[in-house]
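In this document, chain identifiers A, B, C and D correspond to the written order of the chains, with residue numbering beginning at 1 in each.
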Amino acid sequence: PALLAAFQARIDAGEKIEPKEWMPEGYRKTLIRQIGQHAHSEIVGQLPEGNWITRAPTLERKAILLAKVQDEAGHGLYLYCAAETLGVSRDELTEALLSGKMKYSSIFNYPTLTWADMGAVGWLVDGAAIMNQVPLQRTSFGPYARAMVRICKEESFHQRQGYDIMMKMARGTPEQKAMAQDALNRFWYPSLMMFGPSDKDSVHSAQSMAWKIKMNTNDELRQKFVDQTVPQAEYLGLTIPDPAVKWNEEKGGYDFSEPDWTEFFEVIKGNGPCNAERIEARQKAWEDGAWFRDGLMAHAAKQRTAQVAAE
Amino acid sequence: MSVALDLDVALFEGLCRLGDSTLVLGHRVSEWCGHAPVLEEDIALANVALDLIGQTQMWLGLAGEVEGKGRDADALAFRRDVWDFRNLLLVERPNGDFGQTLMRQFLFDAWHQPMLKALEGSGDPRIAAIAAKAGREVAYHLERSADLVIRLGDGTAESHTRMQSALDRLWPYTGEMMMADDTDRALAEAGIMPAPDSIRPQWEALVTEVLSEATLKTPDQGFMHKGGKQGTHSEHLGHMLATMQWLQRAYPDATW
Amino acid sequence: MSVALDLDVALFEGLCRLGDSTLVLGHRVSEWCGHAPVLEEDIALANVALDLIGQTQMWLGLAGEVEGKGRDADALAFRRDVWDFRNLLLVERPNGDFGQTLMRQFLFDAWHQPMLKALEGSGDPRIAAIAAKAGREVAYHLERSADLVIRLGDGTAESHTRMQSALDRLWPYTGEMMMADDTDRALAEAGIMPAPDSIRPQWEALVTEVLSEATLKTPDQGFMHKGGKQGTHSEHLGHMLATMQWLQRAYPDATW
Amino acid sequence: PALLAAFQARIDAGEKIEPKEWMPEGYRKTLIRQIGQHAHSEIVGQLPEGNWITRAPTLERKAILLAKVQDEAGHGLYLYCAAETLGVSRDELTEALLSGKMKYSSIFNYPTLTWADMGAVGWLVDGAAIMNQVPLQRTSFGPYARAMVRICKEESFHQRQGYDIMMKMARGTPEQKAMAQDALNRFWYPSLMMFGPSDKDSVHSAQSMAWKIKMNTNDELRQKFVDQTVPQAEYLGLTIPDPAVKWNEEKGGYDFSEPDWTEFFEVIKGNGPCNAERIEARQKAWEDGAWFRDGLMAHAAKQRTAQVAAE
């Protein structure tokens, strides 16, 4: 308990906790779950955008999208490394993802159906992700905070690229405009869900906030996201698919409707439009790649043996 | 005058051969996105695809300029049908397993790298400049693909078998890189592009060395497929273009 | 007047749901061409695809007439993008192994056959006529797919496992066939098409009987996907259309 | 030898040989090879046309092509049945195809690259096939002759459909016309090769002709094909890719250049553009389908056992 108090005091003083230092088991476990889930989201998040790389409409757009998906894989790598400092290997985390024991962000269980979705994903999904992640640059665990700094920089670049695609679509031909509006319609509520259900009564959340693993409530972040996004949609000439959206002078933010939390829990349970396909794609990649990973390991072992023999 | 004109036609062809090959290979590599056997490979493949698409923009951009009919790189990439494509047959081979993808990459990189080196000495400064830029990227591609071929060839029994089988399948598509036709000869005589068979010694030296270190057997089959450089492709290219060109074809008036 | 107009809109939608489902399933089945496990299946699959494409011509032909904007069946099939397609999600599922293809066919046929039977009693004589013709073909489809599901379900351990796994995968896509929306209700009230849930008893009876004879376990999962009938599809449809519509999109001025 | 003489006398008299009747071993073997190869050609022949079914430009064209490929599978079935009457099972023949011991027509090792190829295959390839097959309706082996009667009827229908596609293309947009000419350029010589090299010196051929397994020389049939096809090309406004094609009043037929027989033998050896893919596609279909065939057999065995138990 003295250790615990000292730990909490360091956190309260704004110090960073580093991997080799003492930490409560709950802190470690919560971080592993949170960082692992974030890493998995980056990995699975390659798939909905990867779905359009081969159909990108120009060479420039193809290159931008490739670079973006490459960044996501890179984010996954930073985050798995951050998790490894807590004593869990990348392979263990991967097995947990593939067996369904660990989750990834539900947003990636929605399909990308038109090119405008590449805009909507960048604008809304990355936008919501940044909203979640910017405060995490100040999180108490050092490796996680540092990974977040790099990630946020790239994500905000992605968000601008997504908005740029939306702009082109919204100001393009009538079909393009229709695609843009349709993409907004489909991604609006799932984006709001990305902040999670209201957490005012959750003890779990309170502990995470005390530990500075979680920096804001879900509702605060959601409100911030809506306040940022509504004027952007107006600028694009697109309509938020929620008639309740209205500026509320009193609270200094927009009113808006809650997403359908039944759908949210269905998707978490595995009943989103693409859950089965996303996890199958990752399982297949992992299984098909076994011979490749084994081959590299066998070669490395041979090299070591040869080196030992030579010494 | 008529000679200059013919040379421009040959130059357009030659540039399409380079740009279509990087485009088609870049597309194939990008098909892996999110499906690679390890995360590092997801990153590496995206990186290779990205480089190849960037090179496509330069080669086809220049091709459009040389042609002078107002077609830019996108018009060439997204609005031509199969018979106008000039890529090597090797690069349109389907991905197969990861071993086939890697072996295809290595066999191509081992040609691409010395080819770009030679193109740096082109009498056309625009070509020399593109080749210099692309060459730096491709040196890394070759380093990676050669290294992986060696490690997998000399890995487990299964990885060895897979790499050997990939090599045997792809081998008959390598000859086309070093085969010359009138276009190649015209460009070589004009000092604009190297003669294809001038690349062979370096290609062979590199391939022999890497395959030997990988404990793989160079196929002794002598037959070589050809036709890609002249626009006669396999059935695979049409399917690729249906995917690649879909949006441009469906919405010809849109800008993106 | 406004009611009549709305009914035409609903009728157009309803006809697209039928025609798009036969089109998309016909396309999927035709992907097997030349790759089936026995010659008899190559023949049977081509036959089923052929029937489904023929039915598409009738349903979408009538849809175009009802719409009255000069679009014929080909315009509807080859010039609409994904959001305008109204097919069931079930039929756009990828082929998977032959077991998945068969199971998808059976689950669809078991709905298609009673649906067409009911459509024979449509107040719209054009619909009744198409349904009568299609019904004869589909009776045969159902006979074949049910028979094969039974034989493979109750075959070897492997064939049983494959069929059960196919069933488990596809089951969440069956609910959409029997789910009603406003369009369905308007058409049912007008006596033009049956209410979707009126088909359920026959579908369930048939499916239960066949699965039981096949020694397969009906999944107890209650969750059902939806959206296809309203134009929100899976990622698979876009890829299919890129292939299917390629020529029409690439050469919009040509006739074939 | 008396048997042999009697056998030859029956053939000379135009009688049909039926499966249960005595026949020389060479006659049986030659027939098995010829019918088997023909059956395999129908099966492999599904692939180049199957390549365009999913991309057919109209519903009508898609239906026609499907029906055609279905007919080809049907022809394969008749022919395997005819071969079975000679004591070789369909599975044995299939294994021989997949292991490379038996051949199929080399023409199917050429790719189909544009929609016009669906026209060229029907017009030229089916045209050449019919030229080969019509005389075989009078072949001495009963089941083969009867299979040929059915097949020829359907093939000539296919040929008309192919010509119809060519007509639409040749009279269509400039791109369509270019596709039509390109298809003719690519399929002309391979079609001429379908009759095989000149057989004037082949003893093998002489024996087959005596047995009425082969009814005409390769050169006769090739000449007949050229004489039929050149005016059709003219009618389409397309150019035969052989400047030597010219009417020869004296012989009452067209002069034309020989195809490149080196290429022919390369393709036979396995070095055609698509040999590897064609045979791999068939091997994959066969291997992937093993569980299906096993499942059906197991079910049939269970049914038999149940029936026996019930009796």
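As a working rule, contacts are C-beta pairs under 8 Å (C-beta built on N, C-alpha and C of every residue); 3 or more make two chains touch, one makes a residue touch a chain.
None of these values were measured; they are calculated from a predicted model.
Colleague: In contact with chain C and with chain D at once: which chains are those? Just list them.
Modeller: The shared contacts of chain C and chain D, listed by label, come to B.
Colleague: Using CA atom averages as chain centres, what separation in Å is found between chain B and chain C?
Modeller: About 42 Å separates the centre of chain B from that of chain C.
Colleague: Can you work out the whole-Å distance between the CA centroids of chain B and chain D?
Modeller: Measuring from centre to centre gives 37 Å for this pair.
Colleague: So how far apart, in whole Å, are chain A and chain D when each is placed at the average of its C-alpha atoms?
Modeller: Inter-chain centre distance comes to 57 Å.
Colleague: Provide the list of chain C residues touching at least two other chains, using ranges where the numbers run on.
Modeller: 81, 242-243, 246
Colleague: Do you know which chain A residues sit against two or more other chains?
Modeller: 55, 175
Colleague: Specify the contact topology among the chains shown, as one of line, ring, star, complete or other.
Modeller: other
Colleague: Hey, which residues of chain D end up touching chain B in the complex?
Modeller: Listed in rising order, the residues are 48, 51, 55, 111-114, 175, 178, 182, 186, 266, 269, 271, 273-274, 276-277.
Colleague: For chain B, which residues count as touching chain A in their complex?
Modeller: Answer in residue numbers: 23, 27, 30-31, 33-43, 46-47, 49-50, 53-54, 56-57, 60, 73-74, 77-78, 97-99, 150-152, 154-156, 158-160, 162, 243-244, 246-248, 251, 253-256.
Colleague: Show me the residue ranges of chain B that touch chain D in the complex, using the header's touch definition.
Modeller: Per the touch definition, chain B meets chain D at residues 81-83, 169, 172, 223, 225, 227, 232-235, 238, 242.
Colleague: Once bound in the complex, which stretches of chain C touch chain B?
Modeller: 81, 239, 242-243, 245-246, 249-250, 252
Colleague: Mind pulling up the chain D residues that touch chain C in the complex?
Modeller: The touching residues are 43, 46-47, 50, 53-63, 66-67, 69-70, 73-74, 76-77, 80, 90, 115, 165, 168, 172-173, 175-176, 281, 284-286, 288-300, 302.
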